[in-house]
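One structure is given below, encoded as structure tokens.
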Amino acid sequence: MCRWLAYSGSPVLIEEVLYKPQHSLIDQSLHARLGVDTTNGDGFGLGWYGANAGTPAVFHSIEPAWNDRNLREVAGSVHSPLFLAHIRASTDTAVQQTNCHPFRHGRWLWVHNGLVREFPRLKRELALAVDESLYASIEGSTDSELLFYLALTFGLEDDPPGAVERMVGHVEEVGAGLGTEHPIQMTIGTTDGRSVWAFRYSSEGKSRSLYYSTDVSALRELYPDRPRLREVSDEARIIVSEPLGDLPGVWNEVPESSYGIVQEGEDELRPFRPVYSRNGGERYSHFKA
Amino acid sequence: MCRWLAYSGSPVLIEEVLYKPQHSLIDQSLHARLGVDTTNGDGFGLGWYGANAGTPAVFHSIEPAWNDRNLREVAGSVHSPLFLAHIRASTDTAVQQTNCHPFRHGRWLWVHNGLVREFPRLKRELALAVDESLYASIEGSTDSELLFYLALTFGLEDDPPGAVERMVGHVEEVGAGLGTEHPIQMTIGTTDGRSVWAFRYSSEGKSRSLYYSTDVSALRELYPDRPRLREVSDEARIIVSEPLGDLPGVWNEVPESSYGIVQEGEDELRPFRPVYSRNGGERYSHFKA
Amino acid sequence: MCRWLAYSGSPVLIEEVLYKPQHSLIDQSLHARLGVDTTNGDGFGLGWYGANAGTPAVFHSIEPAWNDRNLREVAGSVHSPLFLAHIRASTDTAVQQTNCHPFRHGRWLWVHNGLVREFPRLKRELALAVDESLYASIEGSTDSELLFYLALTFGLEDDPPGAVERMVGHVEEVGAGLGTEHPIQMTIGTTDGRSVWAFRYSSEGKSRSLYYSTDVSALRELYPDRPRLREVSDEARIIVSEPLGDLPGVWNEVPESSYGIVQEGEDELRPFRPVYSRNGGERYSHFKA
Amino acid sequence: MCRWLAYSGSPVLIEEVLYKPQHSLIDQSLHARLGVDTTNGDGFGLGWYGANAGTPAVFHSIEPAWNDRNLREVAGSVHSPLFLAHIRASTDTAVQQTNCHPFRHGRWLWVHNGLVREFPRLKRELALAVDESLYASIEGSTDSELLFYLALTFGLEDDPPGAVERMVGHVEEVGAGLGTEHPIQMTIGTTDGRSVWAFRYSSEGKSRSLYYSTDVSALRELYPDRPRLREVSDEARIIVSEPLGDLPGVWNEVPESSYGIVQEGEDELRPFRPVYSRNGGERYSHFKA
């Protein structure tokens, strides 16, 4: 089990979101409340964009987030309008920086909570489906990173929801072919520095938790006395594996088998359906896109 | 909160004691059951003696014990008749190898669970009491290591119980002088490679938990069908912050304000009383002992 | 042997100074050219100020700088008008984050290249001279950090050159008292976020190398075709243990037993003379300053 | 560039071989003399067998060997009749434990000095040739580990020299097919806990250096006064990337394109010739061996 967080809105000092809330992500590294494991101590990562989007910076560490001084320093000195953070609970793969989320490819970041079941059995066939030009960029050994490279192969940079639907359809098909029951369990966050896409899906229809924050203007009406809410821009939005606090009306569950888009203009929430190659999801050509 | 373990007996593969029990110390690094914190993920250490006592080897790491591959390799390949292991939960001092227990001085090892209250206020006066010849050997920044060097100053190598009683008396006096209520909370394990001394004490009389295993021959009678018990020598003994399993009759609590000695011949359990300088505990001379 | 660098001027992307020069500090971590050791691989640190001075951020790592990905990410995404960087070559003290420079106290940063000779013998007496209110803030075990806390004790925050002169005088006296020949060897950089002070001194009068960059407007006349020089503000200045390149006229040696101040207005270069307590350098009161 | 060492003989305290020689492997981590780079500071590894061969233990670290305290402790307390050690100088792949040599599979260990040229271009095709049952065991991202899994695929466990010759032939063919000049450069050490095989080869015929020690009984005649030589068994042998000292007559170069076997009975030195699939090196079946 892992936990992740995405922030998009007016630039904030990262620690305001990462450390200050009552039940912050850093607190969740020691005391997660939803899910099986309470400890997410097998490394963490932070990826953030500067004022002008572009390539994000990433900071990865194999030490637990709760006592990491460098994370506290970076979070306490960098302002960003869009960032993803992730705390990891590894079961089988090595605790190493290249297995820490967010993974980065060009301007894109990717975080994942969940797993590919029987990954050692499925790994090779999944890796073969990664575009040849991308294969050597895989640096770590996790299922999560491989899902990212599959999504890139299936067109993430041009059509994020479609690419993730094709990626999931492919994993379902490979799993079915090798006799793996319920091959995929996931919440996924991905961004190009402008919009954020957040997916919640699992083969068995019982997906890991995922929440998004209520519109800030609505929150201001609910809580007129909270100074922190006054400083944040109207379009600020947080997506997170589990709520950062207990304030009623703030946190909404992303429904089972659906995805949300945080973007300029109206945000959206839509159903998520895996796309299988047999019904039209033929291999997306990475180069011709 | 921390957890520690001491084993003394016929040589065993360390992993038999450290990893194999139902609720092993490594399991306690993620899921401790007694005490406030359930996670002890801020580094760990293992110190072990070879066949002929002598200087012990120590292995320290700042990563959580539960996923540390090197610890698993060392524990899976080294046999030892006497070893101490410790998993750490830091609150304020840095997560670094020099703050990992067991601390070593010559043939001696030392582990501690607990704290010196208001340590930043008391630290300087305590450090000044450390023998001049030992001061520069202090490598880390913890209260635990400072207690070790104070105990060495007060004669640990010649009279372990007396030295720890004088050390605790000194900490009580320094705390009282600076207005700190209940200055010390501790369970301590220390060994010279032949005997093990285990102390349980706190200023407030509510000390951290500490257990020792029942005599193996008694266990054999209780559980005639357990093959593992047949292989262990009669004098084998484990001392541990919390029991390694739920088998009835195996684990006995070290009473409040007392200490045990695991040694050749009969083991002993005795009351522990701090010795104050005003009633005869004058400064022990490190060199003249 | 260590190497360090200080930059003060118009805000730059840190990597422009830290990675881009021909013989950059990061290159010096593998291939230093002046001094005995060519490798400075025992950790590193970076401390930087934001636009409005205030408390600087620090990033410390125990891994070699040359392959550290997090350092590259931070240096590639943070702009700063004033920063200090340090690469470490340890001889005796532990490789741990609390032994990495720059050390920080409030708004102050401190880097040191050199050593206190026979430090284990002198350490206790030097530590006792640290102001009681500062003692517990010492986190590591190096001579360098202790020199910082001594300088703070002797008034660094109010009179940096005077405090360093008193600190050095004190070390000379302690060394003389304990029979240590040539007790101190140093180049030191320190800053409050506004000015930078750089000291070069050693008991034996053969101090480690230290250089400062020529005034940028002079450089522009020398090299009218270099675009990088056009972007940098007139008052930009770099101080560094060894030159970042071979361009003639760029690098000037800080003379033996002297110090420089990079500040608003004219920079200065002055002689450095230890101040001894016997001729007027009585203990500076940290609190009454 | 990397450096490695293999010891086979009567059981010795590992530090006797790893730390004590004049120009030891640990010294070479800071001051290598042969080859382009003088620093091998990107992690290290040690793999050792117990008295009864079986599965070896491995210890990997991402920190430089020269200051690693845990390595010193393990080497100073473990006796072994056969061990491999490796110090790493990474160029492109991540510094992480799963990229540290020796790599282990069952009872086998593997170390490599050299590279696969244009590895990112060749990686996918090479990985596809790894036996399906082995693919998911690849944990790191180096060329060295991939060569190991290819050798296992080509029958390392049954016919080590033949398997390495087929593996090299395959890499030559893949390189030729993708237009890479001189695809492979290598010295390789591998062992099953009983014999050690050491290979020296490169596409261009200018391979990295490799040495083996002279027979101990011959050395005893040469140097009758050396006590250390008296303690070592007659069949003790060291293979190493560069000599551990300057004593004349001790170190012999492994010739270009050849391999040696250290084994019970007479050791051997033979020519090494890549085996290509077109002249009989058809894919070795991992399962039917």
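Labels for the chains are A, B, C and D, by order of writing; each one numbers its residues from 1.
Quick note on the criterion: contacts are C-beta pairs under 8 Å (C-beta built on N, C-alpha and C of every residue); 3 or more make two chains touch, one makes a residue touch a chain.
As the structure is a computational prediction, the values presented were derived from the model and not from experiment.
The minimal number of chain-to-chain contact steps leading from chain C to chain D is 1.
Where touching is counted per the definition, the chains common to chain B and chain D are A, C. Residue-numbered contact pairs of C-D overlap by over half with those of A-B, the repeat interface among A-B, B-D or B-C.
Chain A and chain C have centres, each the mean of its CA atoms, that are 41 Å apart.
Between the Cα centres of chain A and chain B there is a gap of 42 Å. Residue positions 69, 94, 97 of chain B are each in touch with at least two other chains. In terms of which chains touch, the assembly is arranged so that all chains touch all other chains. Looking at the complex, you find that chain C touches chain D at residues 30, 38-39, 41-42, 62-64, 67, 69, 90, 94-95.
By the touch rule above, chain A contacts chain D in their complex via residues 93-94, 96-98, 119-121, 123-124, 127-128, 132, 135-141. Put simply, chain B touches chain D in their complex at residues 48, 50, 57-61, 69-70, 73-74, 76-78, 97.
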